[in-house]
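First chain written, first letter: the chains are A, B, C and D, and each begins at residue 1.
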Amino acid sequence: MKLARTHTTVSVERALLRMAGLTGADAERIPWVNHLVDAVRDQVGIEHGVALPVWDALVRGEAPDLLTLAQLSASGSVTLRLPEGRDATRAAAAARRAAGAGVRTIDRRRAERDRLVKRLGDPPRRPWIYLIVATGDIYEDIPQAKAAARGGADVIAVIRSTGQSLLDYVPEGATREGYAGTYATQENFRLMRAALDEVGKELGRYIRLTNYASGLCMPEIATLAGLERLDMMLNDSMYGILFRDINPVRTFVDQRFSRQVHARAGIIINTGEDNYLTTADAVEAAHTVTVSQLMNEFFAKEAGLANWQLGLGHAFEINPDLPDSFRLELAHALLARELFPDAPLKWMPPTKHMTGDVFRGYLLDGFFNLAGALTGQSILLVGMMTEAVVTPFLSDRDLALQNVRYVMDAAGGLCEDFHPPRDGFIQTRARQVLAEAIDLLDRIVDDGMLNAIGDGTFGLMKRPADAGKGLAGVAKRAPGYVNPAIDLLEEGATR
Amino acid sequence: MKLARTHTTVSVERALLRMAGLTGADAERIPWVNHLVDAVRDQVGIEHGVALPVWDALVRGEAPDLLTLAQLSASGSVTLRLPEGRDATRAAAAARRAAGAGVRTIDRRRAERDRLVKRLGDPPRRPWIYLIVATGDIYEDIPQAKAAARGGADVIAVIRSTGQSLLDYVPEGATREGYAGTYATQENFRLMRAALDEVGKELGRYIRLTNYASGLCMPEIATLAGLERLDMMLNDSMYGILFRDINPVRTFVDQRFSRQVHARAGIIINTGEDNYLTTADAVEAAHTVTVSQLMNEFFAKEAGLANWQLGLGHAFEINPDLPDSFRLELAHALLARELFPDAPLKWMPPTKHMTGDVFRGYLLDGFFNLAGALTGQSILLVGMMTEAVVTPFLSDRDLALQNVRYVMDAAGGLCEDFHPPRDGFIQTRARQVLAEAIDLLDRIVDDGMLNAIGDGTFGLMKRPADAGKGLAGVAKRAPGYVNPAIDLLEEGATR
Amino acid sequence: MSGAIVRPYGDTTGDGMVQVSFTLPLPHDKRAEGAALQLAEKMGLAPALLVHAKAMGPDFTFFVVYGSVTHLVDVDAVTVVPREFPLLSAKEVNAAIKSPLRRKLLVVGACIGTDAHTVGIDAILNIKGFAGEKGLEYYRELRVVNLGAQVLVPELVERARAERADAVLVSQVVTQRDAHIHNTTQMSAAFREAYPAGTAPLLVAGGPRFDESATAALGVDRVFGKGTTPGEVASFLVHALAPLPAARTP
Amino acid sequence: MSGAIVRPYGDTTGDGMVQVSFTLPLPHDKRAEGAALQLAEKMGLAPALLVHAKAMGPDFTFFVVYGSVTHLVDVDAVTVVPREFPLLSAKEVNAAIKSPLRRKLLVVGACIGTDAHTVGIDAILNIKGFAGEKGLEYYRELRVVNLGAQVLVPELVERARAERADAVLVSQVVTQRDAHIHNTTQMSAAFREAYPAGTAPLLVAGGPRFDESATAALGVDRVFGKGTTPGEVASFLVHALAPLPAARTP
């Protein structure tokens, strides 16, 4: 996507500083990376990238190190400029050295993961069992995550607090005050990673950790994920636009950078097609899932992600009262499976049609699990019977795992017997969805993708390209734009 | 079976009197039929049948009618004898006339059922939904049965009080004091039949009623079922022997009579193979179910039942923790389906491995329902999440029906896609069970059936032929034995 | 109903049967089972049957208990908030606004705080509507400004003033740590502060976990819970804002 | 455990969250929902969230409620009936009987009343056993007479006398209308009556819904609940019947 190569954003620039090792925040918990990027923006503008002004200042001896520079910039006592000629070359080299250190840490983390997976082992079978914790308090999340791993979870996702996606900074430190989720912070990542490594050792199974590279700070969070060895990240090319009203250009730029980091870090992305089906009707909108998957695949490949890193999403969200609803689910799930044979598809449970009837919900989740087994899904996000009531209780998770275990052990092999005939209900439906997806793609090609998003094609949300949150943080790159993080990632270089 | 044609029992004789219209009981609730048969037994013996002594007494004017005769016999003020020659002929003719009236009532009831089914309609689809009520109080049973019918039940079974099977008489009147079930009485039959006819009219669907022709009074209860238009009866050729330690000969004699009545009344029998799996292991003993089904089929046909009346039983009782348990269930269920293509198979839910974890139980019942749909079962006894806890709550039944509806509507059509390959797990297992069943049948043929039962082949129970309850009520028929009920049933005659 | 006192019903009138499940932060052993029974007893189950106990790791145990509660339910003591307004058709709503007001009613809607669940408020506002009823945008005499998700309270107050809103409708779906209560009270306080006394727009809060009787505590004029339909909301707006003939006669 | 007071755990220490479901014999309307909340409140849920209400026909409504119970669970106040006897191996059991008694212990077992659930008592008595432990028949020094199902009390007493039973084990699985309690107390009374004071055999009752602390009320010497293993029962028999060395020293 051309847009992404011709623009930068405050968050991409902050991500560079994070890669170069700048951490911490002021007393009001505003991160130093924000102060420094803001100072560059105010004094020079970010269209050339912050690399040159920042490392020029360091080379000039304005401060002994990045942190001090950022602290000084916060109090307005640093003068930044756009270096030229040899100054520019020197600043660029220094910046590249600094960023290289970060990239190498990410590489080390990736090697560490490979080692641990080799030593401890991958989950014994597909689908991987993916469970969420969402207490808002990292110190409650940790024991719950461990309990979940002991109960059979292969992947733990720490759900993020509401509102974080619209914060234009990444909070700092261990946090206990999230709403319906826990803040994504470097320290929380570290704490949970350590806890899961511990329990993984105990269980003899590498437990993967997931968070969200999404919202206004997607590039920075992706960077932190790489630095702290997270294994999967929610990362969708349109989610922020559609569901958080984030400006489309901001999103595409941030998106590309974060995906480059994920590619480098060996992180599997999880895309968010499930979300469309919570707002639009899962039968009528089935083809939008397919189209979005194709788009997510396209952008992901463009950013360097391999097939095995494409956790394309889809979901079991058809109204269960609809006749043949389960077979419709199978048709949709099979379609995704066949279109993306090498992608680790992520299969999301029913949420929209879950009600306070927890017994019915438990049954529905069982059939969701069965559909996952029958259609060979790769990552199974485990549904909770209390979906319509509360964020998951400890016991909900335990019961949910028991549900998965029963279905997989007792009926998982049923795929041997599952052969939808060519002209039967399932294959016919899958062909129909595919045809609708192709139609829609044709229309998008004709009208342009930003127009399609603007028109409410996905999840019924209309998002024009020149509106939305975070637009102020976008800048068209100037000639001579420098960002050594991007360079290193694109070149695959280490220094 | 020769045994059955050469013996009679007190209950067969009492059934004749019931068919001839004798009802009611003394102040201690001992039925008049018991008094009169006991009087015959004491004064003449029952080996010639009670018909000759009883109607001889009536012809002789000992009493104006059966009821008075029975009342007099209770106080010992009647002298009975075995008539001979013309007296015998006259008595036999009178007895046949009386029994004929009963048989014609049964015929009328059957015609009435046919009419109602035509008018109101059969359930719209298979399997028929079969629900139990078991409060012990007919007046609580009735509203619950109606609620169940409104919730989707096609068949209501009134579970019988513990202990009734060992009573050597049928209680009288409307009852409210059963334990874990309600007494089978003619009046309770009548009350429930009327209630279901009423709700059936409301719903535009004929609601079938089931009870138990089982235990020491099987022939009488079968007769009452015919007279009160019950539609199905639990009736197994070995259940009483194995699970109630009733004498085998008594059972086979009573069995044959009751099945002749069912054949005539258009009643579908439900056999009890499910019970073996609650005591023996459902995998190891799978072939005993097949063998018992074949035996039940044999005895049923011999007694005149048509294929459409053979509700052969089987059950979903494999330990759910066993790998591939669900597919094993499918294999067993398919085997039954293919062996008996024209029988309305009755599919029984998990009970043994249900626990106090009602959520898990609800899920298991869902998979039971799915197995029922995938293998084309005919009558589905709906499982309850509280199986391990209490006799069903009103809400359990409602939740259970919701479970069935979801599975049938959402996934019922999956049989289109279900094609177990010839050398796959399911077909291989089915062949194995069939082979084991054939082996066992060979052994039974060699050793004799009573020996097999004596050896603990079925449900792990050992039951020798010369022991067990109710033996005292058996008599070898004497030459000249007369029982016009049997004659009418065998001849298919109406008078 | 025969009398005002009822008890839960398992399978026999008056049996009082209920089902309860919960987790205790105790390792699974006899003591934990005793603790579960103690809790059941405190909840009024007598006798209580502990039918399921399962260790969830070394520190927690999950329990399922059945039993008969001794409590009686006094149906007469139940206070049902009666709908204080008549349900009107769209036509009646339009008419009731048009003749007395001679202008459209202006409604501002938003999902406030960090809550981004817009499906509920959209169901009330958007033409598409809910449960077969068209949303408020469909009403000729209503003008709807839907601000969408994650609207901050100051922003909401400002828009309401700028648009001269007659009514402000806010939605809250996330309830963890009582987020919905905090956000709503904060919102109502901000309106009272920003407007001269008695001139604030009509404040309406809605969401699936709200208690409809909590208006006073939340500082709003009306609360709508789960399953609300647009027609109910429109009827309420008319009732509260359009002086109906009956009300005008002194 | 940190301290003796705990509360149910949903997802945060101390949140007190429980789940409750029940049916009320009321048609589904706002009043019924209010009645459900009233009951939840009486059970100690504050706040109570009514998350599901469903009409079951015209006369009943089913409810699911979540909420935080205000009750505290005092773990120290839990009285666990401690196993009053040591768990012995089969070898130890045999030895403990053989040397002091010099004869086999005679055990009569039965499922009494109209109850025909023999799987439980068979699990205790038959060689096959339960949960990997062999049943009492396997013990060399025990002689087991298993009378099977639906044994009437007089018949049981008579057989026990005829066999000179040391212990009588009865099983009760059906509990509807407290059948198990009636049958067991009737059984124990009959033994007390039939035997001179102090000479009746050891009476043991078992079944999945028995409360193990109810010995006195049932008039038996020991009660065993769900999940009992044969080894526990054998150990108890030794403890109660075979005067162990320790007991013999005055």
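Note that a residue touches a chain if its C-beta (ideal position, glycine included) is under 8 Å from a C-beta of that chain, and two chains touch if they have at least 3 such contacts.
Quick caveat, the model's predicted, so the values are computed rather than measured.
> Which chain maximises the distance between its CA centroid and that of chain A?
The chain farthest from chain A, judged by C-alpha centres, is B.
> Using Cα averages as centroids, what's the distance between chain A and chain C in whole Å?
The mean C-alpha positions of chain A and chain C differ by 33 Å.
> Return the distance between the CA-based centres of chain A and chain B, expressed in whole Å.
Centre separation, chain A to chain B: 61 Å.
> Taking each chain's centre as the mean of its CA atoms, how far is chain C from chain D in angstrom?
So the centre of chain C lies 45 Å away from the centre of chain D.
> At which residue positions does chain D touch at least two other chains?
9-10, 13, 17, 19, 21-23, 49, 54, 60
> Which chain B residues reach two or more other chains?
Chain B, residues with two or more chain partners: 357-358, 388, 390-391, 393-394, 399.
> If each chain is a node and each touching pair an edge, is that a line, ring, star, complete or other?
complete
> Can you list the chain C residues touching chain D in their complex?
Against chain D, chain C makes touches at 1, 6, 8-10, 13, 17-26, 30-31, 34-35, 38-39, 42-44, 47, 49, 60, 69, 71, 73-75, 77-81, 209, 211.
> In their complex, what parts of chain A are in touch with chain B?
320-327, 330, 357-360, 362-364, 366-367, 385, 399, 402-403, 406-407, 409-411, 413-414, 416-421, 424-426
> For a test of understanding, state which residues of chain D touch chain A in their complex under the given definition.
The touching residues are 9-13, 17, 19, 49-52, 54, 64, 66.
> Touching chain D in the complex: which residues of chain A?
134-135, 137, 140, 144, 355-358, 386, 388-394
> Flag every residue of chain C that touches chain A in the complex, lowest number first.
21-23, 54, 56-57, 59-60, 62, 113-116, 118-119, 148-150, 174-177, 179, 208
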